[in-house]
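First chain written, first letter: the chains are A, B, C and D, and each begins at residue 1.
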Amino acid sequence: MGHGRFGRLAFLTVTAGVLVSCAQARDGADGEQIALFTKNQTNPYFQSIRLGADDAARQMGVEIVHYVPTRPDSIPDQMSQIEDAIIKRPDAVVFIPVDFQAMVPGVGQMNAAGIPVVNLTDRAAGGDFVSWVGCDDRTLGLNAGRYLLERMNGRGNVIILEGVGGSANSKARVGGFLQAIEEAPGVTLVASQPGNFQRLQALQVTENLLQAYPEIDGVMAANDSMALGAIEALDAANRQALVVGINGTKEAVDAIKAGKLVASTDCNGFVQGCIGAMVAIRHIRDLPVPAEFQFPQPVIDSTNYGDLDLPDEQRSCPSWESVAGSLATSPAGGG
Amino acid sequence: MTPKSLLARATAVPGVAYLLVALIVAFSILGPGFASAPNLRNIGVQSSILLLLALPMTFIIMSEGLDLSMGAVLGLAGVTLASLLAGGVALAPAAVAASGVGLVFGVINGLLVVRLGIPPFVSTLGTLGVAQGAALVATDGQSVVGIGPTLPSLYASAWMGLPFSVLVAVAVYLIFHAVLYKTRFGTYVFAIGGNRESLTLAGVHTDLYHIGIYALGGLMAGVAALLLTGRMNAGHPTAALGMEFDAIAAVIVGGTSFERGNGWLPGTLLGVLTVGVLRNGLNVVAVSSSLQVASIGALVIVALVIDSVRTSWRERT
Amino acid sequence: MSTAAAQMARRRVLSGELAGFMYRVAGVVLVCVGLSLATDAFLTVSNLLNVLRQASLIFLVASGVTLVVLTAGLDLSVGANVGLSACLAAAAIKSGAVELGIVTGLASGTGIGLLNGLMVTRLRVPPFIATYGMLWVVHGITYWYMDGQTIYDFPERFRALGSGYLLGVPIPVYLMTACLAAGGVFTRYTIWGHQIYAIGANPEAARLSGVPVRMRLNLVYTLSGAMAGLASIVYLARLNSAEADIGEPLMLPAIAAILIGGTSLFGGIGSLSGTLVGAILLTLVLNGMNLLTVGANWQPLVTGVIVLLAVWIDVATRRRAGG
Amino acid sequence: MTETARTAPLVEMRGVSKTFPGVRALDDVSFAVDAGEVHMLLGQNGAGKSTLIKVLYGAHHPDSGEFLFSGRPVRIHSTADARRLGIAVIFQEFSLVPYLDIAQNVFLGREPHGRIPGIVDATRMHAEARRALDLLGLDLDTHTPVHELGVAQQQMVEIAKALSQNARILVMDEPTAALSEHEIGRLFELIRALKRDGIAIIYISHRLREVFEIGDRITVLRDGRKVASRRPSDTSMDELVTLMVGREVDTTYRHGFCAQPGEVVLDVEDLRGRSGVRAAHLDVRAGEIVGLAGLVGAGRTELARAIFGADGLVQGRVRLGGRPLAGGPSASVGAGVGLVPENRKDEGLALIRSVQDNLLVAGLPRLFPSRWYRFGIASRAVAELISRLRVVTPSPAQPAKFLSGGNQQKVVIGKWLNAGSRFFIFDEPTRGIDVGSKAEIYRLIEQLVTGGAGVLLVTSELPELVAVCDRAYVMRDKAIVGELRRADLTEENILRLAMHHAGEHAVPEAGTARGVSR
C-alpha cells in the first residue's frame, strides 16, 4: 500500500515533467535557435532587452531561448546555465555576463564548444566574441551627472545612490558621477550610500540622508528604480532636489513627463536586445556584422522622451539598415 | 554504520530518493541530451560545491545547530585565495590560507554558539554579515582576477573522465562518511545532538567537539572556495551568498532532522544530487526561468511530504 | 529542589526575563546616545519619526512571524509573501479600486500563510522546509506574474497609507502601534495567546492537555501571512510602485529583529514588544550608518557585529540569571 | 557481606558540603561503602542524594570535604578521575543517545580503538557490548539504535553501560523505576553476584521493599543532612519513612474503599488502537479506582492513551457517561477526561512555563467561556488549586522545571481539576516520587473518587495497586486478559494473569521509546 503511494507519486512527477515539456514545446519549432542570457528576472531593463530580442527573432524567424539565473545576478547559476546551454547547442548565444570578470571562463567554455557568442551590454573582460553590442556605463553616469550639475547651475550639494556592491555597472556609473562632480568645483558631494539598485533601500537611505543634510540640491542614482525611490522620499519630506537616474525605463519616462525626474540616461534596452539578436542571427547566416556596436548615451529629459514613451510590448525593432546607419554615424562613447 | 543498520535505514529511504529517480526518468524522456555523458558531467560539477557545504551542514544540523554564514565565508575565503594567487603566492600556501580563513570563521561560530551560548541562527547570521562585509571591504566589491594559470588548469584537469571538482567532492564525501560512522568524532556528533549531558558525564570534552563541528563547516567553506574560484577563474566577494540555504534544504530533504541527533549522510548526498538534477534538467528542457524558481521550492516540499506520508503509514502498521 | 532554592531560582528567572528586556532597551538607548553625540542630525524629532516609520515596516513583517516563532516554528516565506501580495495588490489598484487592491493584498498574504499552516499541520512538513519551499514557489509565481515589469503610480489617498502623516506622525507608525496593541492583547489577554505559548513550550503536553494544536498552528501561520499582506500594502503605498523583487530583502532583517528581541527559536519564550525593540535597534543601526555616511562595503559588517552584541548581552543576562 | 564489611571502607566521603546559589544541597555529609556491600541511600527528592552521587562522580565539586579510597585520600576533579578510580553510575535520567546503537551507547566516551586513536574498533566494541548484555540476559542486537527500544530495555542498556566499565564502585540511581518484576528479579540476582565479587554498590530507591530485599546498610538523607544510618535488621519501613520525611506519614494509601459504585462513567467496547492494543470490555464507575496492571510492555500505557484518544482508534467504542468520545484529546478533555501521563516531563508539563500556566492550560476554555483571559480570575483559581493540592512553590510564576517531582505531579493533577474532569487516567503517577509525596498523591486520587469521579490507575507498583484499587484489569500482550475484584486482588493473582509464560513477555516490543529524554 505504501509502495502504491510512491508509485503514484513517481507517476505524478513524471506527468508533471511531461506538462513542463509541453509548456516549453510551444516555441519548439525546428531550425535556427539562439540563446539569450540576461542577469535577472526582476529588473525591467533586462525585460526590455528580452522583448527586443524576442521581436528581432520573430521578425527573422528564429527560435530564441532565455536563460535567467534563478537567484538574481548569481554567478554560479549563470555558470551552470552556460554549461547546460552548451548541451543544447544553440546556433549562437547572446550573452550578458552577471559579472564581467567572473564569467570569463563561462565564455571560454562556449568558445571551446564552438558556439558563436555576441556580448551584450556589459563588456566581458575576456573571451572571443563575434561582436560587442552595448554602451559604456561610465559614460552613462558621466552624462547623467553633467546634465544634473548643469541644471543645478554648477552649484550645491549632491548625494549619490550606489547600486549593488560588486556590480560593475554600479561601479562604472558611480565613477561617471564622480568625474562629473570633479568637473564642477561649485558642487560638493555630501554622501555616497548604497541603495543596491533597490527602490526601498534607496528610499530609506535618502530619508536618512535628508535628516543628516538640511540642504541637498541634487541626487544621482545609479538606476531609475533608486531615483524614483529617492523622489518618494523627497516628496514625503517636502524637500526639493533635482534627481537623475539611469536606464530610461517606462516608469522613469512617465516621471520625467510628470516633472518629478529631471532626466535619465538611456542605452535603450529594447533596441539593444534587437541588435544583439540581429547580430547573432546575421552571423549564423554569414551576413557581415561590425565588431562593435557602441550605442549613444542620450540624456532623456522633458524635451526628447518621445520615442521611449511606448510600453515595450508595443515597440518593434528598427530595421537593421536604419540602425546600422545611425550607429555608423553616431560618435562612439558620444555625449 | 554496519550492514544491518544500513539495511534498516534502506527500508526508511527518504522520499527524496524516489523523487531523484522520478526526475531522472522524466528528464531523460523529455530532455534530449539530458542523459548524455557531458550533461551528467555537468550535474556532477554543478553539485560538487553544494555537496562540500551540505556535508558539514549535516553534522551541524545533527548537533541541533545551523550555519547561515557558509556562503559569505566561502566568498571571503575565495577573495583571499584569489588575492594571494594574484599576488604571486603559490597555490598550496594560498589554498591553505583560504581554508585557514574558513576555519577561523568556523571556530568563531563554534565559540559564539558553544561558549557564549548565542543561538546558532543568530551567531551565524552575525558572522554572515561580518564575513560578507570583510570580503566587500577587501575587494571594494569587485572580482579579484589575474589569479594565474595554476588553479584554473588544476580545476580544468580530469582523471578517467571525472572532472577535478567531482573527484574532490567524492573524496570529501568518503572522508565525511568515514568520520561520521567510523570515528569517535562521528559518534560524538550523534551524541551532541542526541544527549549532550550524557556525553559530558562520560568524561568527554563536549565543548571541544561541538566547536569542532562548526570549525569543520568553516573549513569546508574554505575548500569549496578553492573550487568556486577555479570555476570562475576569479574570486568574487558575494558569489556564493545564499548557498547555505540550498545546503540546509538538501540536508533536511535527505532525511536529517533538527532534533535528537537524527542524521543520515547518504541522504544528504541524495538531496544535493536531486537539487542538481532538477536545476540542470529544467535548463536542458529549457523551462521558463520563473517556473524553474517555483519548482525548486516544490521539490523541497514534495520530498518532505513523501516522508511524512511514509512515516504516518509506518505508524499506522 | 528545596523551597529556598526554588525561591532563589524564581527571583533569578524573573529578574532574568525582565533584565533581558531592560538590557535590550538599554542597548537601544546606548546606540541613541552614541549617535546623538556623533551627529546632531540624529536627535531631531523628524529623524526619530523617520526611524520609527522605517522600523514600523520591519515590525509589521516581523510581528506575525514572532507568533510563529513562539510556537517553535519559523516562517521564511514572509519576504516572498510581501513581494507577491504587493504585486497582486498593485495590479488590482491599477484595475480601478484602491479598496480592491487592499483586499487583494491582504487576501493573498493570508492565503499564503494558511497554505504554510496546512503544510505544517496536515502534511507535517517541518516549518523551516515548508516555508523555505513556499519562499521559492512564491518567488517563482511573482516573477512569472510580473514578467520583469513594474507597476507604479497609485492614487494619492492610497499612498497616504505609507507616506502620509497624521498629527505630524507617519501613518505606518500608527499601524505599527495598533498591531503591537492588538498583538499584545491577543497574546496576553486571550486564551488563544496562552495556548500558543503552551504549544511552543511543549507541543505534546499541550496536545494531551486538550489544546487544539493544529488549529492554533494554522492560526499563527495564517496571521503571519496576514501581517505580510498588511505590510505589503504599506510597502506598496510607501514605494508607490511594485517590482518582483520588492520583498526579497525583508526576510533576514525580520527574523533578526525577532531574535534580537529575545524570542527563542525553541518556542514558548518571547514577546512582540521585544520584537519591536529589535526592529528599532536594526533601523537605528542603518539610520546611523547613513547619517555618518559609513562606506557601503562596511555596512553588512557593522550590522553583523551589532546583531551579535545585542543578542550576546541578552543571552549573558539570562545566563547569569540562570533562566 | 560479613568478612568484607570489617576491612577499611572501599570509598569514604568525609564532611562533604556543597552549596548551590541559594541552597545548601549537602551539609557536612559523611558516607562510606565497603567492598561487597550494598549501601542503600534514602531520602526524599531534594534531600541531596543525587548531589552526593554527582559529587562522588566528579560532576560537581564540593565546597569542602575529602575522599578516601580504600583508606588513601584522593581527589576527584572530573568524571574522568572518578572513572579512573573505578566508579560507575547508572543515572536515573536516561543518559542514552537515541540515534546511536546499543554498543555505541554502552561504550560512549570509552570507544575501543585500534592503532589509530580516533578510529573506533567496531568489532571489538560490539563483542564486548554483547558480553555486557549477556550478563543481564538481554538478547538484543547490539546494532539496534536505542530509540527503537522500549523504556525497560533502555533501562537495561543503561545498566549494561555501567557494568561494562568493570567498576569497583557501582552507583544505581532508581534502577528499577521502569523495570518489570521479572527484570527486577534478574537485576537483583546480578547485584548479589557483584557483591560476591567484592563490588561496592550504592543503591538509591524509593521502593522501601527493595531496601530490605538487597540492602546491607541504609543511610537516610534529609535537606542535605545525614539523619541516620541503619542496618535493615534493626529498622522498619515506618521508621525509615519517618526519618526521610521528618514527620509521621500515613502510608495507608486508601482509607475507605468504594462500598457501592455509582453509574458507569467510562465504558469501552471491543477497542483496538493504532498501537495494536485491544480491550474487549472495560468500564469504570463513579467512585471507583480501577487498576490496570501488567508487565512493562504489556500495553497498559498504549491502552490508556487509546482511551484518552491520544493515538486514535482502529475500531471500537469509548463512551463517557454514555456519550461517545471521538475527536482526539481536545474532545476528550472537553468531555471531562483527564490524563496524567507516564512521562511527566515530556508529556505532562511545559517545564519552561510557570506553575500558573501549567495549572490552567487544560481548563482555559472552561475557566474563560468568553475566551478572554482575565488575570484576576486566573490567579484566584490558581491560588485555590495550589492550596488545595498543597503544591510547594514560592509563587505561581515559578517555572515548573524548578519544582520537585512530587510537586510537578500535583501540578499535572491540578491541571485536570481545573479542567473539571470527571474521569481521570493516572499512568504511573508515583514513578520517581518520594514516599512523602506518594501518600499525598494517593490522598488526592481518593478525594477525586469520593467526589464522584472515576479513576483508571496504571502502575507497575503492585503493592500500591493492591492497596488502592477497588478492581483491576490485567493486561498481557497488548490485550486485557482478566479482571480481578477487590476480594481476589493480590499481587500473586495479578502476576499469575500477567506473567503466564513470563519468559517471552517480560521484555516489551520496541516502539514505546518515550524513555530517552533529550
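A few comments on the model shown:
Everything that follows uses one rule, which is that a residue touches a chain if its C-beta (ideal position, glycine included) is under 8 Å from a C-beta of that chain, and two chains touch if they have at least 3 such contacts.
Keep in mind that this is a model prediction, so the values were computed, not measured.
The interface with the greater count of contacting C-beta pairs, when B-D is set against A-B, is A-B. Taking the mean of C-alpha positions as each chain's centre, the chain lying farthest from the centre of chain B is D.
One finds 70 Å separating the Cα centroids of chain A and chain D. Rounded to whole angstrom units, the spacing between the C-alpha centres of chain C and chain D is 43.
Note: centroid distance chain A to chain B, computed from Cα atoms, is 33 Å. The multi-chain contact residues of chain C, meaning those touching 2 or more other chains, are 143, 147, 296-297, 299. Multi-chain contact residues of chain A (touching two or more other chains) are listed as 41, 165. Chain pairs that touch, as defined above: A-B, A-C, B-C, B-D, C-D. Against chain C, the residues of chain A that register as touching in their complex are 40-44, 46-47, 50, 72, 162, 165, 190-194, 196, 198-201, 203-205, 207-209, 211-213, 225, 228-229, 232, 235-237, 249-251, 254. Across the interface of their complex, chain C is touched by residues 20-23, 25, 46, 223-224, 308, 310, 329-330, 332-334, 339, 341, 346-353, 357, 360-362, 364-365, 368, 371-373, 392-395, 397-399, 402-404, 415, 419 of chain D. Residues of chain D touching chain B in their complex: 57, 59, 78-80, 83, 89, 91, 93-101, 104, 108-111, 113, 118-120, 122, 141, 143-145, 147, 274, 516-518. By the touch criterion given at the top, residues 119, 123-126, 128-130, 132-144, 147, 252, 255-256, 259-260, 264-265, 295-305, 307-308, 311-312, 315-316, 319 of chain C touch chain B in their complex. By the touch criterion stated above, chain C contacts chain D in their complex at residues 1-10, 12-14, 188-195, 197-198, 201-202, 204-212, 268-269, 322.
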